[in-house]
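What follows is a set of structures for review.
The same subunit A turns up in both complexes below, where it pairs with subunit B and then with subunit C.
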Partner chain A sequence: MSRKKRYHKIISYCLLTAVAVIMLYPLVWMLFASFKGNEEIFRASLLPETWTLDGYRNGWKGSGQYTYATFFKNTFLMVLPMVIFTVLSASFVAFGFARFKFWGKKFFFALMMGCMMLPNAVMIIPRYIMFRNMGWLDTYLPFIVPCVFGGGSFFIFMFIQFFRGVPRELDESAYVDGCSSIMVYFRIVMPLAKPAVFSAMIFQFMWSWNDFFGPLLYINNVSKYPLALGLRMSMDVNMSISWNNIIAMALVSIIPLVVLFFCAQKYFVEGVAATGIKG
Partner chain B sequence: MRKKTAILTAGAILMAGLLSGCQKQAEDSGQAPAAEQNRQEEGTEQEAQADQETDSQEQVTLRFSWWGGDSRHEATLECIKVFEEENPNIKIEAEYGGFDGYQDKISASLSGQTEADIMQLDQPWMATFMAQNPDFFLNIRDYADCISLDGFSEDFLDDFCVYADKLVSLPTGTNALNLLANQAVMDEADITFSDVITWEDFYEQGKKVNEVNPENYFINMDNGIAFYATRIYLMQLTNRQLINEDYTLGVTVDEMEEAFAYTKKLYDDKVIIPYEESMIFKGAPQDNPKWNNNQLGCWLNWSSQADQQQWGENAVSLPYPCIEGAENSGVLVRPSQVLAVSANCEHPKEAMKFLDFMFNQEAGILALKDCRSIPPTEKGRKILEENGLISEQASRAVDLAMANPGMPELDVPNTTEVQDTFSAIIEKMIYGQYAGPREAAEEAHKLMSDMLATVKADME
Partner chain C sequence: MKKKMKRNKGLFFILPWIIGLLWFQMYPFVMSLYYSFTNYTMLKEPKLVGLTNYVRLLTSDMEFWPSMKVTAIYALVVVPCKLAFALIIAMLLNKNVKGIGMFRTLYYLPSILGGSIAIAVVWKILFMRDGAVNHLLSGLGIGPRDWLGSPNTALGTICILSVWQFGSSMVLFLAALKQVPASLYEAAIIDGANRFQCFFKITLPMITSILFFNLIMQMINALQEFTSAFVITGGGPMKSTYVLGMKLYTDAFKYYKMGYASALSWIMFLIIICLSMLVFKSSSAWVYYEDGGEF
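== the complex of A and B ==
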């Protein structure tokens, strides 16, 4: 029995390792390619013949006017408020939907879900014109302000689903002790919703960090470009491209994502049972 | 107790974040519209004053957007710098990026009337934009006192920049079809071409490269072959448009068969690099390591790409292959891109002045160099040649093409769907999915006719 089990284990580990290698290969390739010279990039070998930091050194300078320091700063200025506001407002709205009965709740819930079904493409032009009329073009407001008001149906729905799993008895015992609704939200529900908070944070961070089309439409001034635009800035159809610079900078630009993911990873596995009922 | 403090601190931090976030936002939102308003006010004042005195010294801001790579960004920024030094009252805000998504951005901003004052556009987009709204761009001829058009070829402007009698754009450079070849490879295979290269000669001699070394090929091209060889061959053969203005096919099945058969021959006899290998470097054949290793002999491409090699002395521009005695040389010449001025521009005179600086003033020409291909004006080209700032091969390619330019392609009926169908059939033929060129030509004729009928129905 135990031999059979062991046998199974070996097979599954082998399979998992094989898949992991396949999945990681592009990243590993990118890592090594960033140390290659431009003419070496398209050669078949994985390891660079001569190791060079030129990609990083020249890449960081950008196209002359602004360095990647500007693009990083811009990205953080845009993404951090988006993440903070999304987590706060989406969970707040979700708390209302999950815990209270109010007039028109079903209708509003359907409306919110309807927004989720709406394809993104049909909203591009109306939204663009709306933000233009508000005079918000060339600022980060078209990205940040929607996050203050719910931050998108997806996140609200995710929080609702999570809150439904948090036992109501916990709220009720707090109410019995004289707690107000808002304090229940801050002190009972939110601390228990850490896994949901972290998933929302990671998703929103990742999506807005990598978003290309949004900034492309709304941001005109190069001094306000986030990374996604900065990275594509020197990519033209019919000109020689310094791939090593771009790959090096692409690698630098995913570091925050990777760091965030590994730091927050442990909260993913922390379930409600572990934190809530026992505590 | 500890937990409580932790929660409270976390809450406090979040609140602080929220508040500071709001504040920052308030500042932003307070400033942005105000700035916009200022700009608008400035604009109206400016216009009012401009009527009284043309040489207003009031501060003017223009937005200029373009796409490109690093070298174009650097050269254009340099040009702007020099211009601003000469005209301290004009400030030019540069908005630049890669080619990805540029067309979407321009389309959205044109519909939203938030476009930059001066825009770099691709010539094939103009038909669509002009169909949307014929008044998107200013008629440049209305500003003859600000910009001189003497250096431009009238025919060239008429062919590519005039819509409904309005000159809506100016070409940034001249781009021509070019046969770029590597002398070292040709010498090794003992290839010599005369002054006129026929397709037959091109094929017969091209075979030798692979015969000398089975790793090497004469032509290095991806699926672009469907355009640069098949379609150009068809144009020379028929002296007609592939697609007519009334959305019908301009060529017969027999004619297509001949062009298809020629293309297939290139693959069958290994004159061209095998499809499987070339598609690894789709869109950038120059990235194939063999290209700079003297293992691939030539390509058919636009002259603006002529500097995409490291062959040194061995790089030569040769006359484009042709059919003997063809009336239409098929050597297309077109603007590399065009520059247009928005009809919403509040300072059209200053914008035109900047265009004049880029095209006609020595300082501007020298700053821009050949970052947008060979300059469109004779003067610009001469200045760059004198200073050795121009790619020799590209310059020669334009000379060769200008000697006998082909009939320009119609841009209205040339929809991407139809072009894609054409390329897809060539692709299938190369992969051997048809019994022969005849079957491929019949299929192409049928599919393209059907598709054109649909496109035409949509237009009406």
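== the complex of A and C ==
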């Protein structure tokens, strides 16, 4: 290796490391701050002088009436059906797009891609009024039912891209053996689409876990609060009194995401790369 | 007969999506246009008022133009910074460095967590008057600032939170960079091209389609920003972070001016469409598709 090249490499490493340190600092700070006592939060040192679990113990109590156990339970009640229905319905629709010729296919496909760019802001108000009139406020139906019907253009497109890579000969031979198209979908295509299924699950899990605006509009009853709203409530109720509780609970609320990310990062990266879409 | 069966089958599979499209997208879309011409407030039945909402927004609403300005600044800072960061880091990572997987993971992590309320809360605490950021900066000799309390810096703080999440764009760029054939660079170097020429004549043209896609998506997101402004600053101080998303939320769900807020949402929609069209139209001049642009 030439001297110049090595020199360049060292600079690259230094830059990459420096950026990584700056980027991760907030997260590292959060981790250590969660073990600090409240009076220590605003001190300069990164590490706590006295390690304590007070933040976790007191923070978990939530509003008093409802603990974070409720918020966690609610989040899972909301997120898991969304994940399951999204995967099923998006792959189902994608199978139709990827494998059949039908009337208006080009038009529908263009429409679907166009919907990806349709800004949410323009549909929020009528959706809210519609869900209110149907009596869906304070339930998770406004989140789950749209996932049953297609689950969003992003996921449909992701599955279409993946199905295109699954050889059609497999379908053909299954049809020859007398399979119906639904059986082909369940028995042939879906088992081969596992990476896409994982990617879709992970992305939908992450997005709905982080969603704040939806719950803010549709969920008013504290007993139904998911974590996002629970955290904000803790912040409003505490008002600069016990930051350590809030930091501890903020950390607890993102643990499932972090665990998921490190277990399944392969699928994150592949999912992004396959569709070419943001995360 | 068999052909017709097959035709129906395709439609059968996409039927759930069609229902969802009509129910959760087309119907709300059309209704919001209708509401925007009414004085609907949820208390009384909507009554058509023509263009009144639009006229009032554009001419006599004291919040609208400042809010437009804030949103424009936010988008103009966040979108280019995010893309530039993502591209620079992706190019560094593309140099066959060891530990690329680890770096990629670390850089991507903020994109996973950044949208959550948890990070917004931490951001707020970090940038408080005696928060960690001021402690770090005082180590560098920069005096403490009231980042969130001053109208000059509050928006910047929120921009940083968004730029911090450049990881997902970076992963996309990285995938695109891997597609650029090494033979192009080899040929260019033999012809005596330097680094900058390589970047502007090879790298950049080869990844324009991803750049284009990122640009559109980031733009659409930035113009609709809501959560971080709502949680971190609440739109303040002195409305310096009162983005259009905040105004929409406040008008619609605090004051229940549904008709008025719908008009605002349509103005946002039209801005987004116009900008997207502009980018699309200009794309033929700068986006290079290897396969001739077939989707």
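In this section, the second predicted complex is superposed on the first by the 231 of 279 C-alpha atoms of A that agree within 3 Å, B and C clash if a C-alpha of one lies under 4 Å from a C-alpha of the other, contacts with A are read in each partner's own complex, and residues count from 1 in each chain.
Just so we're on the same page, contacts are C-beta pairs under 8 Å (C-beta built on N, C-alpha and C of every residue); 3 or more make two chains touch, one makes a residue touch a chain.
Owing to the predicted nature of the structure, the values given are computational and were not obtained by experimental measurement.
Using the contact criterion defined above for the overlaid structures, shared-chain residue A:F213 touches subunit B and also reaches subunit C.
In the superposition on chain A, A:R232 makes contact with both subunit B and subunit C. Once the two complexes are overlaid on the shared chain, A:I124 sits against subunit B and subunit C alike. Of the two partner chains placed around the shared chain by superposition, subunit B is the only one that A:S63 touches, whereas subunit C remains out of contact. Look at A:F102: by the touch rule set out above, it reaches subunit C but stays clear of subunit B. Touch criterion met: A:F42 reaches subunit B and subunit C at once. Touching more residues of subunit A than its counterpart among subunit B and subunit C is C.
Contacts of A:M183 after superposition on the shared chain: neither subunit B nor subunit C is touched.
In the superposed model, A:S12 makes contact with subunit C only, not with subunit B. Comparing which residues of subunit A touch subunit B with which touch subunit C, the overlap comprises 42-43, 124-125, 128-129, 145, 212-213, 217, 232, 235. Of all residues in subunit A, those touching subunit B in their complex are 39, 42-43, 63-65, 81, 84-85, 88, 124-125, 128-129, 132, 135-141, 144-145, 186-187, 191, 212-213, 216-217, 220-222, 225, 229, 232-242. Subunit B contributes residues 7, 11, 14, 17-18, 21, 24-25, 28-29, 32-33, 36, 63, 65, 67-74, 77, 93-101, 104-105, 108, 111-114, 116, 281, 283, 286-289, 292, 302, 304-305, 307-308 to its touches with subunit A in the complex. If you check the complex, the residues on subunit C that touch subunit A are 6-14, 16-21, 23-25, 27-29, 31-32, 35, 42, 89, 92-93, 95, 97, 103-113, 115-119, 121-123, 125-126, 128, 130-132, 135, 138, 164, 167-169, 171-172, 175, 210, 213-214, 216-218, 220-221, 223-224, 226-227, 231, 244-245, 248, 252-253, 258, 261-262, 265-266, 268-269, 272, 276, 295. Within the complex formed with subunit C, the subunit A residues making contact are 9, 12-13, 15-16, 19-20, 23-24, 26-27, 29-30, 33, 41-44, 46, 89, 92-93, 95-97, 99-103, 105, 108, 111-113, 115, 117-130, 145-146, 148-151, 156, 181, 185, 206-207, 209-210, 212-213, 217, 227-228, 231-232, 235, 243, 246-247, 250-251, 253-254, 257-258, 261-262, 265, 268-269, 272-273, 276-279.
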